[in-house]
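Chain lettering (A, B, C, D and E) follows the sequence in which the chains are written, and residue indices restart at 1 in each chain.
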Amino acid sequence: MSRFSGIVIRDIRIALRSGGAWLMGLVFFAVFLSLSAIALGGEFKTLRPLAPALIWLAVVFSLLFSFEHLFADDADDGTLEHIKLSSMSMHIYVLAKICAHWLLSILPLILALPLAGLLFDLPVSLLGGLFISIALASPALVCYGAFSGACLVGFKGGGFLLVLLTIPLVVPVLIFALGGVISYADAGLLATEFQALLGISLIATAVGIPATTAALNTITE
Amino acid sequence: MTQTAFQQKTSMLAVTNLSVSRGEHLLIDGLSFRLAPGDTLWVAGSNGIGKTSLLKCIAGLLRPEGGTISWNGLDIYKSSPTDTGYQGHQDSHKPNLTAIENLQFWQTVYKSSLKTDDVLEKVGLSAQMGLRAKNLSAGQSRRLSLARLLMRKASLWVLDEPAAAMDVRGRKIIRTLVADHVENGGCVLIASHTAPEKIGANTRVLTLNGGEDVQV
Amino acid sequence: MGMISFLANPLRFKKFARIAAPIFGVLALVLIIAGIWVGLWRSPEDQLQGHSVRIMYVHVPAVWIGMMAYAAMALASLFAYIWRHTLADELARACALPGAAFTALGLLSGALWGKTSWGTFWQWDGRMTSTLILLFLFIGYMAVWAGTTDKRRAARIAGLVAMVGSINLPIIKFSVDWWNTLHQTSSVSMPDAPGLPPSILLPLMLMTFGYSFFFGWLVLSRVLNSISKASDRRQRPAAASTTMETL
Amino acid sequence: MSRFSGIVIRDIRIALRSGGAWLMGLVFFAVFLSLSAIALGGEFKTLRPLAPALIWLAVVFSLLFSFEHLFADDADDGTLEHIKLSSMSMHIYVLAKICAHWLLSILPLILALPLAGLLFDLPVSLLGGLFISIALASPALVCYGAFSGACLVGFKGGGFLLVLLTIPLVVPVLIFALGGVISYADAGLLATEFQALLGISLIATAVGIPATTAALNTITE
Amino acid sequence: MTQTAFQQKTSMLAVTNLSVSRGEHLLIDGLSFRLAPGDTLWVAGSNGIGKTSLLKCIAGLLRPEGGTISWNGLDIYKSSPTDTGYQGHQDSHKPNLTAIENLQFWQTVYKSSLKTDDVLEKVGLSAQMGLRAKNLSAGQSRRLSLARLLMRKASLWVLDEPAAAMDVRGRKIIRTLVADHVENGGCVLIASHTAPEKIGANTRVLTLNGGEDVQV
């Protein structure tokens, strides 16, 4: 087994053993949508135009909380020190953690999307746009999130501020994604917003992974 | 090239003029020593004197205040060597994975060719193989962290109180393992509060309060 | 109460369950078949809703049994919590999965019915939402059991969850009064139960009793199953021998 | 110093030393409102009618996650065992933890409310209603959250169950609170919804504290 | 009333036919013993045999599978007595509070009239008073947990490897504290992997044996 898949498998196994903790994001997603629908009056007429925004907010917030523990557990129990002492490069570790996290947190959301559509009685074209925008933006979200998670671990107190710094990064993602959902009906996959999302994701991955590695390396110094 | 090969034989670990501090506290100042293959160094000293801090420095986990630590001629804080095995105060297991699953993870990280079953057998944990780490007793958990150390091919062992929580048989196991390791040309640093024993040909004791380096 | 303390003995309970379970099973089968027959072929269609009114014979008993299952689970948990009775824990635990299944059936059939009569599968209406929450509570209860290997603790925590969660039952009941809501108790088609014509009441009651016996059968077999599993586990490795000496 | 205040002071001290982590709820509150405003279009005209619902959702979600660690830290490090062995009653411990949590998590939200009102350009009457509804409902939210937090101790899987266990109570609170915000304009403090909230809070406190104690006691069994 | 007073003198701790299990594992079966004021009981046995589990049962932290544990005639799982001091494997400090703040918290919980400074002095931690618990060394952290034990007036002490991570001086401190305690009429249970020593008038050793013999 390669190291990469070793880490991915370990993380998935821990998640499955955690008594459902990994479903947390999904549950939050469902609860967020249900509570929002209830709080906003419960009428389809008022809810339908808000639905794409609500679904995207649900995605963002259900992810937001998952990053706190992404690296913290390995750091607290000393696993990270042993990883650092091994011959494995920290990049592989970070990449594998991010992939495992994608599988455990984003994939269930994407799969649950049709149900969310049902709850708000959304037309298929909107659903398609949501699907594509989430898929395209997810690398960016996961990489930003991983970076803030690593900052929280590496800089203890100061990490809090760094997390605040990553939020401005979420704003453009949100704006392009919601724009894309609308444009998709006419422009299909070629919507310019989707290209922007793809670009953001590429940049976030290219910058995020080294930055995360650097933040984690501060722990052992 | 020959220079390095020579050094490798005469001195694997060279600590020069090392000073270590924690917070505002200077714990170690101007410590120098060398360890060659087959050497064992016991680090003794009272609580809080700086044993753990010293060991972490040498393992590459705590940047020293001053001085250098080199391994086969290369400064470890510049080149990050990868043949140091460290066992700290923490056992670092994933509580919800079983003993063997924890070890399997390290097997893939270390790309080790050793069998997990054999290693668990060596530390006397075969019967607890399928138990989740959180259910292991203190001594069993310590044995599992020893098993992680064995899983890799490290020439320098840095052990921080390996015998903590261990019963008599466990301590005997550690003794045998360390003796084997130095016989095969490894170096070992052990911090411990029990009386140092002679293991291998060249066993020394570094007592931290006085900074003396005593031959056993 | 006399019945409860009589059955509290595991052996007596086992004897009772061995006899009662098959009877419940057969009764369930007969009543449900009769209910389906009467409901589909021997009851009138509704003037407004047409044939889709027949979904009621699935929907209404299903949500009723779902709620009853939760109540039973909470009561058994209370009993187990106070008297530390493991049999009551098993009973509560056995209620969860069937209860969740009936609740899910109620939700599904309600959604289908909603599509035919309101033109939508789902609406954020009080009763529907609180029924969904009932399903969440069942899942939460089961997740507590699944989430720990320490059975004793799981039993106590799950019991507390069941008891505290039972505040959701009155919420389901009264939600129609709190929300201005689609799901009315006596709406276009459905007057209050006592006023129902016998042609509708009969299949409804047949299905309700059929579901009840089905539920009873499921619970009893699940408890029997877990009791026998527990006795299988009894053979355990020998404990430490102990010696005491004076220094 | 009494035991009660001893625990409260300790918890506040730990929070202040945590490098800002205790402000997480407040930050989430702010981020939630800003991102929602952005996602929903950013026009006061569309936002204003949604504002009370959004603010209440922000309160609920910013609280929801804070309960995961309320008792978990004391349980994981063994403090709870020592508390149990002491002559102090577990009720005092629970009550003190709840009060400390109220001070650390709800109070900042209440203080930040005027700012949130500014963000959405809310009239004072709505703001007043929000203020009163949050204040009245907060004991219910905190007690119920504490109970879920206590149930989860030792489960790792924490948050997932927490959400499942907490929403059944949150739904009626949300409905009455939003109803109250509207009624407040006409009925003032006497709005029936406020009475309902008060009732829920009383019941939640009366049931929640013993239930929390009972859940914590299982840890040592 | 006289009955209880009498019992209190003849036997403080009575363990009758105790069985303890963990998971599916029966660790201890049918154990009975009594401890009177002034008694010390060492609990010995190999790793994972059940020492910690036994101690937790007696402290009231783990409900036994069967049998009774009574303290002054009352079943501890029915009456929860509050004069048991327990020191487990875990140190249970708040990492971001200083040593003295940690201890002050327990002072208010125990409503203790002892001065925190004096107690820290007793365990040799005066110099580290203002250090955050996370920065304490392993042995210093252990000393702080001993200080918590001293903070309360407990007649039964249940100590799980109190000497773990302790240096020679620390072990001497523990020995003195335990000797003082039994002299004043307390009872002590100590689980340990070191050779039992005679402390106080009546010292006994309970050896738990998992079928196989263990040579010491």
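Note that contacts are C-beta pairs under 8 Å (C-beta built on N, C-alpha and C of every residue); 3 or more make two chains touch, one makes a residue touch a chain.
Note that the structure is predicted; figures quoted are calculated from it, not measured.
Asker: Moving only to chains each one touches, count the minimum steps from chain B until you reach chain D.
Answerer: Minimum number of steps from chain B to chain D: 2.
Asker: Which chains are shared contacts of chain B and chain C?
Answerer: Under the touch definition, chain B and chain C have A, E as mutual neighbours.
Asker: With contacts counted as defined, which of the two, A-C or C-D, has more C-beta pairs across the interface?
Answerer: Between the chain pairs A-C and C-D, C-D carries more contacts.
Asker: Going by average Cα coordinates, which chain is farthest removed from chain B?
Answerer: Relative to chain B, the chain with the farthest C-alpha centre is C.
Asker: Using mean CA coordinates as chain centres, what's the chain C-chain D distance in Å?
Answerer: The answer is 31 Å.
Asker: Measure off the straight-line distance from the CA centroid of chain C to the CA centroid of chain E, and report it in whole Å.
Answerer: Measuring from centre to centre gives 47 Å for this pair.
Asker: Using Cα averages as centroids, what's the distance between chain D and chain E in whole Å?
Answerer: Each chain's C-alpha centroid was found; their separation is 38 Å.
Asker: In chain D, what residues contact two or more other chains?
Answerer: 18, 155-157, 160-161, 164, 167, 171, 175, 221
Asker: Taking each residue of chain E in turn, which ones touch at least two of the other chains?
Answerer: Within chain E, residues 23, 45, 63 contact more than one other chain.
Asker: On chain C, where are the residues touching two or more other chains?
Answerer: Those would be 129, 143, 147-149, 152, 179.
Asker: Check the chains against each other and report every pair that touches.
Answerer: Applying the touch criterion to every chain pair yields A-B, A-C, A-D, B-E, C-D, C-E, D-E.
Asker: Spell out the part of chain D that touches chain A in their complex, as residue ranges.
Answerer: 18-21, 23-24, 27-28, 31-32, 35-36, 38-41, 50, 53-54, 56-57, 60-61, 65, 155-161, 163-164, 167, 170-171, 174-175, 178
Asker: For chain E, which residues are in contact with chain B within the complex?
Answerer: Those residues of chain E that touch chain B are 22-23, 45-48, 52, 89, 128, 131, 135-140, 142-143, 161, 164-170, 193, 214-216.
Asker: Spell out the residues on chain D that touch chain C in their complex, using ranges where they run on.
Answerer: 147, 151, 154-157, 160-161, 164-165, 167-169, 171-172, 175-176, 203, 207, 211, 214-215, 218-219, 221
Asker: Can you check the complex and tell me which residues of chain A touch chain C?
Answerer: 18-20, 34, 37-38, 41-44, 47, 118-119, 121
Asker: Could you list, by residue number, the parts of chain D that touch chain E in their complex?
Answerer: 1-3, 6-7, 10, 13-14, 17-18, 77-79, 81-88, 220-221
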